[in-house]
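Inspection log for the structure reproduced underneath, given as structure tokens.
Going by the order they are written in, the chains are A, B and C; count residues from 1 in each one.
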Amino acid sequence: MSKDFGPVWVIAEQAGFEVEIVSLQLLGKARELADELGVACEAVLLGRGLEGAARKLTAAGADRVYLADDPALEFYQPDIYRDIICSLARENRPEIILTGSTFMGRELAPIVAACLGTGLTAHCTGLRNDKNKNLEQQVPAYGGLMSIICPEKRPQMATVPRGVFKTPEPDSGRKEAIIHVPVPETSDTRVRTLEVVRESSPGIQIEDAQVIIAGGAGACSPEGWGIISDLARTMGAALACTRPVVDEGWAPLDAMVGQSGKMVSPEVYLAVGISGEQQHMIGITGAKLMIAINNDPASPVFQQVDLGVVEDCREFLPLLISKIRAHRHEKSS
Amino acid sequence: MIDFTFTEEQEMFRKASREFAENKVALFVPEMEKTGKTPPELVKALAEAEMLAITIPEEYGGLGLGFVARMIALEEISRISVATAMMLQVFALGIDPIVRFGTEAQKKEYLPKLATGERLASVAVTEPTGGSDPTGGRTIYSKDGDCYIITGRKCFITNAHIADTLTVVAKDENNPKAFSAFLLEKGMDGFKATHEEHKVGMKGCNTGELSLDKCRVSSDRLLGEEGKGLRVSMTAIGDVGRGGMVGCALGLQTACLESAVKFAGERILYGKPISNLQTIQNKLADMKIDLEAGRLLAYRAAAMQDRGERSSNEYAVAKYFTTEAAQKAAKMAADIHGGYGCMEEYPVTRYLRDSFVLGPSAGTSDIMKVIISRWVLG
Amino acid sequence: MNIVVCVKAVPDPKQISKIRIDPATKTLTRSDAPLVMNLLDRHALEAALELKEACGGSVSVISMGPPAAGSVVKECMALGADRGILMSDRAFGGADAFATAFTLSRGIEKAGPFDLVICGMASSDGATEWVGPQVAVFLNIPAVTMVRKIENRQSSEWIVIADWQNGYRRVQVRLPALFTVTRELNRPKALSFSGIIKARKKVIEQWGLDAIEASEEMVGARGSPTIVSEISPVEKRRNVEMLSGNAEEKADKLVSRLAEAGIIQ
């Protein structure tokens, strides 16, 4: 192990008895980065009832797992989590800390970064070690990609949404090394999560869908959006959208694919009435087949897809729906 | 004279007006187009947004902001709904004679309530026989002791049915050259709104007739001096009325240009948006030129008005120019939309219809030219 | 209650597409997209104004930005803020979230004792969501992000509801504290003419580096742990095959390609 560089860490997040998928994905990437740097890859996990989760983290790539397992930590407790992570960081001096862009991560990561006096990049869509062995953190911006580095301060911190990196194949052969971290007294915390309440069932998570139909501003109206929904229903596909559609109120925020929304990598992505703006397209981290339907042949979306159709979606989609139905009918008879 | 920029405060007035128009007024447009009626909730919203108080002095419960601020508000509201802007402009038109010629008692009685929207104002000069030439009117008054008795008919009066407080002009039955202005209120015996017009445009802005049938008014309802009634009303119409039309026209011009730009950017012909075609660019440039010129004329006149200077000639120029330009802009915008320019679901067809009503309101274009030629000839 | 609202002036999101990366020089071509108040900050200000109405006290607005951002601070005063502070200095330029949060925290300290700091949860340009929580660290106060409702404020320990995965969490927090808020929290009142008139008397305080307890290395680009090492336009990603023919023909072709891909059964 190199003496100059500390380990690569992932602050993992509990999901019941499991681990959040993004944490596993980050461990896969952290493993890669650690191997390049010649350092250890380690995970930090706080919560309650974490034995099974710890095993998953090891299998995903962690040489060592720091566990703070305590009933008091059943829910995310900001002050305690911050104190534990910061004191571990000061002691072990990691080179890099990665966190998922979850609700917890988006609050905890900046707090930890400020406490440690270091830099942090939000919602990264790419990470790699550059030629100076600095962590190059990529974020989409203004139709392109920005590369950000934190040249002097350590650790270098980044949050990453689920779906940017692949979930690694579990390696059950990796030796488990768990360090139990003591949990400090909780009575004098100034902020406390009393409970977590679930409001809606997740439904088909678009992150897991094989076929996605995404509608954009070109849908033009609630009726136009209705036609796109019909197409999704006809094809048994998940329905996603861009920011303008959410702003208009035609679809909920958790259907939004993009830089500040979800990351997806389906088999097939069909973009309807979408102009191809970077903030949205960056959300599609991998799709086998990409198709676009748009009435403007000059639209940037046509440079980013495999198949293009120049048509007004309001007229073309009903036609497409009837053709699909006819095709099915033919096949079954 | 030369600084043509708006102040930071004026930019905030514009922002507040635009937000109000887009968030509140826009919601009423479909209903107004469908029913042709003025929604009471819209009037309430205008009052809550303090739009009625703009030109009322602070000491009488108004904002005391003046006519540049009023022009900004009208422009922004008209961009969303010309009908609403027209209604609003005529409220101010009805307020102006009271501010200028009212006695202290009259101002104290009426202005605070007009500021809050508890009462609504209008002006009634036009008659079947006297519009462009108000001296042709046949509504007469006679004196009976300390009272006046008025009989006649007014037509094409904006806000006829919704207004409570109206400045009505009538001719002395004994002296055809003497006109007087009276502050009348709905509910007075012998005074009522009768026929309601169905206009081709500005739907939802109430226009109608008023009937006066031996309406008996006390002398404290005389507005200004007896016999000087034309001066009272024409000052209002000349400056405030024309200025109001200018605000309505500018807002409509802006709406026409914006919708034309949007459509031209989306409509593809020969593989490119039509905004790439020179004939379309010519039209857009024409609309832009007229809008820039119109705005300068408008704010020049409004600034003079705010300084207390006579501005009716400058407003005549602005009124002629902008109302004609708005009609051209609507036609050009409709042309750019091609076949869609004939379809009711496209706002541009409403712009066409609204633009017609701009012309004859507060003086026809021909009358504007007569006034302007008088200015030239001295 | 003394409440401080952090406000950011951002390029108008409706015109954001005008800002692009120049592929030749790899820098941003800034257009004249005018500066407006970040939408979420309007909700933050509304929350502060509502609390002031309920509990009494004062609302101060603070913003770090170029001189042109003063118009946004003025607008906040027209909306009802009692005090407006613009932190503006060449030295503050080029700041990342860390340096921005540090600078704001120094300004907030200088502004005087406070009970609550409120920020929009993210800005429409940048949208790191970092500045709020980091300001809290520098001020040494607890933070709750994505507050959508204030449930109980009877004592010095408030109960708030904050967005969470598929739902929300209920959080107990002791004041002084910092909240970042979501759109769900309230419906901001409209900018009014009389508010604009009242703001005539209000003066914006403008503070530079010398006004706060900080040195040049702690703010702006020099105080930023992160730097942008490169900006590049995204290369054309795929070779598109445009389907030809009239609408019918294109629909037929598309259906057969979808069938080939095995997604229409």
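Everything below uses one rule, namely that a contact is a pair of C-beta atoms (placed from the backbone, for glycine too) under 8 Å apart; a residue touches a chain by one contact, two chains touch by 3 or more.
These numbers were taken from a predicted model, which means no experiment stands behind them.
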Distance-to-centre winner among chains (Cα means, whole assembly as reference): C
Centroid comparison with subunit C (C-alpha atoms), farthest chain: B
Length of the line joining the C-alpha centres of subunit A and subunit C, rounded to whole Å: 22
Inter-centroid spacing, subunit C versus subunit B (mean Cα positions, whole Å): 41
Subunit A-subunit B separation of Cα centroids, rounded to whole Å: 56
Numbers and ranges of subunit A residues touching at least 2 other chains: 297, 310
Subunit C to subunit A touching residues, read off their complex: 17, 19-21, 28, 96-98, 101, 122, 127-130, 133-134, 136-138, 141-146, 159, 163-174, 177, 224-234, 236-243, 247-248, 250-252, 254-255, 257-259, 261, 263-265
In the complex with subunit B, residue positions of subunit A that touch it: 295-298, 310
In the complex, subunit C residues that touch subunit B: 71, 74-75, 78, 190-194, 196-197, 199-200
Contact footprint of subunit A on subunit B as seen in their complex: 266, 268, 271-273
Subunit C contact footprint on subunit B (complex, rising order): 8-9, 11-13, 15-16, 19-20, 23-24, 49-50, 53-54, 63, 65, 69
